[in-house]
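Each of the next two complexes has chain A plus one more chain, namely chain B in the first and chain C in the second.
Presenting the complex of A and B:
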């Protein structure tokens, strides 16, 4: 966070401008541009890896929204306190019984194909596309029974039961609005607009050269007057991490979010005078790295053994040596980011205590697992996460840490398809090392991971540890429909305490993403959704 | 005439080979555990069983292996390479997009390596144990032993970050709107580093092989005879030795030319070059079978054609060869 004194700034620029004979005007412009946005320019951002599709409504891989949210918008957006703000919807009203939400829509919005945006698009998007094909629909839209459209600018979401979490998930990232006339009467999953998306957003889809880039063009008819500032956004795909860093260092790329730059390179980036970093813009993207323990595989069926594993791991070592200090040790099943909305608690069983190794050894002794001749109590396998090298480094540390308490860990690395099949379909694993995105509300992260009903063979990233606790299930189901915020928070507190005690998973690191950006690029991170919301206000210094 | 008949005969006999390759590829690929639907759902982080079923139905994965095979073979018979569901695009389009950049990179690198390799090998062999030979040998040894990705990254550090002469990656400057010669120049600037880092390895290989091959030939009786006839050393090398010495180089080049279409995953990855290598790698990772099979199929055809071309070149180089 080095601030250059203004004088320095002027002299550097004017030196460049002099040969063009424009020194005077350039200097005067420079004074304004520090806070005055400039129209025009092409912003290059790095997206890693290249998305396989832009069908944002049917695939929720994390590399799609940075592109798709420039094109598709949601009914609302969110301020830094994560309160909904008007977007495609001008205003809304939640019925006292919580079973309907009435949205008043803007009249002056057009899709990129010229069609005007009406309540019919909202109805079609929710009922015919999102409810049927969005991967999160079983969680977020389970209660949605219909959308009424009394007139063109009113859409009423009808719910079977109150769904307080829904108001957190209406941004373009989570529940985007598509154009009815584009999709009507077609096979939704085969629609040609999958890779040529048509939305209402500040940028229109331009071109996709696979293996290279996606080009987005300014939407001249965007409904927010004067916006966006940029003419184009280019999303570039560079598979090699070192080359991605180099592209930022040479100024070829202006922005890289979602830790597209390796944590290892960040220290070097920070010393580069043209670059800066920020950890903002990820407030609504909580994620934990965890260990899933297969309760069907003895001795992991014993609570004491699972707790011993949780005690045996020093999260600070993982944070320092694997995550390069970015993130925080996880204290329980919810990310600390839920503190802002009041759902997080650290008043749970604490696994990070000074005498944790003694406790772990005692628990394992008590579970009837004495050390053998070689000092080991038993041996189990760890399935190494295939989504990047850092997971192998974490696995190597885990092997050392568990050996200290007498657990002999064997690491197994397979490619993504094989790994997913082994863990989520065949359940042929002891410990799994996934990375869990927690969504915008505890409903998302907790329900799918821990509810008994979410033990679903063949479905990825659901309850594969066979955790089943009827008392806990009841609490979650109650919390899901509770409209009173404080009562809801109390229920989630209880839920977190039960989970920490039962220890179906071991929570390791509360993940912190980092964005690297060129100092010429301004106003790129304007809300808690960060890279996953439109760059309508971003602008580039000339 | 005889040559034309020979080529025709070889092409006809290649058909069963290619069919065999199609069958083998199909079976091998289905031995890999996991399928495209689970990878797609895995990346999404969540999915319902119904949704996964629908995906599998859409991908045709719910049919028996025999049915899938029949569909595949019948598509191939109609010159239809199929549809990549993962990419929501036609396989032929996906491959065609990459074919240009891949051929440009590979032909540049391969052509440079072959031409320079032969010349350097010749220079080294004719000045055996001189300073010229020693320098060429050391350079080719270093180039042969240097990993391509390291060389690529070092070039980026020096020429892009340090000197600012060349762009770090990509095929051209996106959104620059270059036309005509400006675009050629732009692509050329992007091509330099990937081509060099790819060419150096092959160059070293051909230079070493060429040198050894010439030295072996110069010990032959026919060279002694030519010398006894009073021919100059220059005439001996160009008129007698060179053609014979080229045979092993052509053999090796023929084998390696089969890799052309496959591209180089390492160099493509480091320089963000939109080649077929990374396309194939991603297809394998995501179990995008139609795409993967199509790439295998095209590679197989290319290998068959190049083998034939090499055999024809043999005949042209060495009239003693029978066809």
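Presenting the complex of A and C:
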């Protein structure tokens, strides 16, 4: 094994160059073909922004999994068709009534602290950590009443009702497995392993130099023989977008996922001979950019007005000029990524029709909102999303687009804390422009956004538009428990049609993330979870 | 005054500055005629280089950069002049009262002034705008709040030195009221220094405003130079013109104001007259 120098003693540049050089020297004698994996090397990936914590089991910010999933694994992984594949669980069986899932676990797995992995860890992770402290696992595990552990390699998940979506969420990203002996008898949220994570994954936590990098080291005792190929992964944090791009262009960093590179820079990156880009690896990371309309604020309480806003916006302009062409115009409440699993439908009210402006004007006239002397019908505010420049650009476009149909939009941009409080606690907003992650199953994205029970004052990114439709609620609750895939798909189709008609939100862009990588790095994107699963097969060409 | 004007006119750099400012003023006055449309309007295809249908090109959303700069000039001037005016009024009142009454009043007022001076100006301005929520008026308040202490110290110093002069003591002994002494005798005598420093303050205020807008704390409904630059920063290496032209506009304006300020200082400051 390569001896690793203490990183805090040497400069940033040499910190990256040195281990690479050392690793290279150990294998430089061997001539290796480009398509055969090579052991060794240090991969530098850019993670943006720096996570505030690595407590993957308690915080779900999108910048944690690229690091945490190298360390924590799940019971299964997913193939490109999003079918579960054995991982910590060798096999599983779902009971005919759907009310229990029996997992057979591997017996040759050890945590990084030496403890062997057993069914007790599964039981503790699900019942004592995830169900209690994870932000959205309580929703995914709502039906889970207990985990039986008849022996060390058998874990039986007991469910009050069938939960067909659960089999989609068992990867290390969504429901990671932690070590019971590390957490037992401690305050879970204060556990020292929060920022020094201990898992079963291919990489062990090495060091976190705040503001600079996290270093992960090869797990020599990893249960998959011969893996991982890399000696180290360094997750670097570079706040400035131009510097991130430069780090990739100079070869200093090998990988930047999750659109850590500005969309504006991608065209230039594509012409760089050492770099390549991919849009794969985000198939299980659906997200939509939307407008939330506050139905408590007239005239947004009128369906016709909400629909008129949806008609007035040209999504193709947003896609071209704000998103630089990455993504697709959203057609309804679910991302097109759900097409693979059969839940997406475009058989809903279509807001992108050639005569959309005429329709919008007619709807507004019909709602009793004639144009005034200045050509405007009414004025409302838009809260500008404070998570980046592109949202202000989008807001500026929306102001122009809505002015055409006589809606006078005033933009309000505030700092993140004030914005979130205004929208989700005080409800003192007309239109909000968030970005919604939709999870691995419609249960996640639809339930939290549109159920009446999800109108929860003070909770961010839930139902803040006051959408409440009992018929719709019933359909979603039924779909949640329906075991038959086709019946479930039919229910979600109905749900999407109702939503598109009621128009509580305006769906703008089906977001497409992009990864930029150095051509010397191979096998980095090996499944639909992409950046949010372990780089166990990734290897660096010499 | 006429002698002062001659002295100003003898300074070529000051004349150049004045010419730049005159052009800027004309641009602001005729903006609604040249560009009758809203500067946020999507005028054409995005990222058009300068020289084609659009004199200075278009930005990432396809807005005409020339129109954006013209409307941005108005914002910059309104905020620059507005903030400076508020700062001068505040500073003159605080400094004047302190310099005239001296004693405990002076101690209290000058400690407050110094307290404000110790806070880094830009960070303090950021904080104020963030609290008040970004708008033209909150930017004026924020910039004035960080600019008034220098005026206060200047006016206090002038008042202290003027307080001992014969003409002030003469009017005091003739029974003139405090207000009459302050407004008729003392303020006019330090007007030249205030004008010289104030004119430089406008330049600083314009820079502060551009900085605030660059960081996303400008009024999102009003076009400004900082906003154009911050929007163009992402594409700096592929579309240089978006950041460059507003940058030149800021440079020329602040340079012009500084040259005029220096010229005024030389023309109005008796100690520099014989140079």
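Note that in this section the second predicted complex is superposed on the first by the 510 of 542 C-alpha atoms of A that agree within 3 Å, B and C clash if a C-alpha of one lies under 4 Å from a C-alpha of the other, contacts with A are read in each partner's own complex, and residues count from 1 in each chain.
We adopt the following convention: contacts are C-beta pairs under 8 Å (C-beta built on N, C-alpha and C of every residue); 3 or more make two chains touch, one makes a residue touch a chain.
Everything numeric here is computed off the predicted structure, so don't read it as measured data.
Participant: With everything superposed onto chain A, say whether chain B and chain C fit together or clash.
Facilitator: Once chain A is superposed (C-alpha atoms), there is room for both chain B and chain C without a clash.
Participant: Mind telling me which of the two, chain B or chain C, contacts the most residues of chain A?
Facilitator: Of the two chains, more chain A residues are contacted by B.
Participant: Just checking: does A:468 make contact with chain B only, chain C only, both, or neither of them? Give me first, second, both or neither.
Facilitator: neither
Participant: Contacts for A:384 in the overlay, against chain B (first) and chain C (second): which applies, first, second, both or neither?
Facilitator: second
Participant: Once the structures are superposed on A, label A:153 by its partner contacts, choosing first (chain B), second (chain C), both or neither.
Facilitator: A:153 contacts neither chain B nor chain C.
Participant: Just checking: does A:393 make contact with chain B only, chain C only, both, or neither of them? Give me first, second, both or neither.
Facilitator: So A:393 only meets chain C here.
Participant: May I ask you to decide whether A:242 touches chain B, chain C, both, or neither, giving the answer as first, second, both or neither?
Facilitator: both
Participant: With both complexes overlaid on chain A, does A:264 touch chain B (first), chain C (second), both or neither?
Facilitator: Second partner only, chain C.
Participant: Which partner does A:424 reach: the first (chain B), the second (chain C), both, or neither?
Facilitator: Only chain B is touched by A:424; chain C is not.
Participant: Now for A:42: first (chain B), second (chain C), both, or neither, which partner does it touch?
Facilitator: first
Participant: Looking at A:252 after the superposition, I want to know if it touches chain B, chain C, both of them or none. Which is it: first, second, both, neither?
Facilitator: Only chain B; A:252 stays clear of chain C.
Participant: Rounded to the nearest angstrom, what is the minimum C-alpha distance from chain B to chain C in the superposition?
Facilitator: 7
Participant: Could you pull out which residues of chain A sit against chain B in one structure and against chain C in the other?
Facilitator: Correct list for chain A: 242, 415, 418.
Participant: If you look only at chain B, which of its residues touch chain A in the complex?
Facilitator: 32-36, 38-49, 51-52, 54-55, 58, 86-89, 94, 97-98, 101, 149, 153, 156-157, 160-161, 164, 167-171, 174-175, 268-275, 278-279, 284-287
Participant: Which bits of chain A are touching chain C when the two form their complex?
Facilitator: Listed in rising order, the residues are 241-242, 262, 264-265, 267-268, 317, 320-322, 384, 386, 389, 392-393, 395-397, 399-400, 410-415, 418.
Participant: Would you tell me which residues of chain A are touching chain B in their complex?
Facilitator: Those residues of chain A that touch chain B are 42, 44, 52-53, 55, 59-61, 133, 135-139, 189-190, 194-195, 209-213, 215, 232, 234, 236-240, 242-243, 246-247, 249-250, 252, 415-422, 424-425, 437, 448, 456, 458-462.
Participant: Which bits of chain C are touching chain A when the two form their complex?
Facilitator: Touching chain A: residues 38, 40-42, 46, 60-62, 130, 133-134, 216-217, 220-221, 230-231, 233-238 of chain C.
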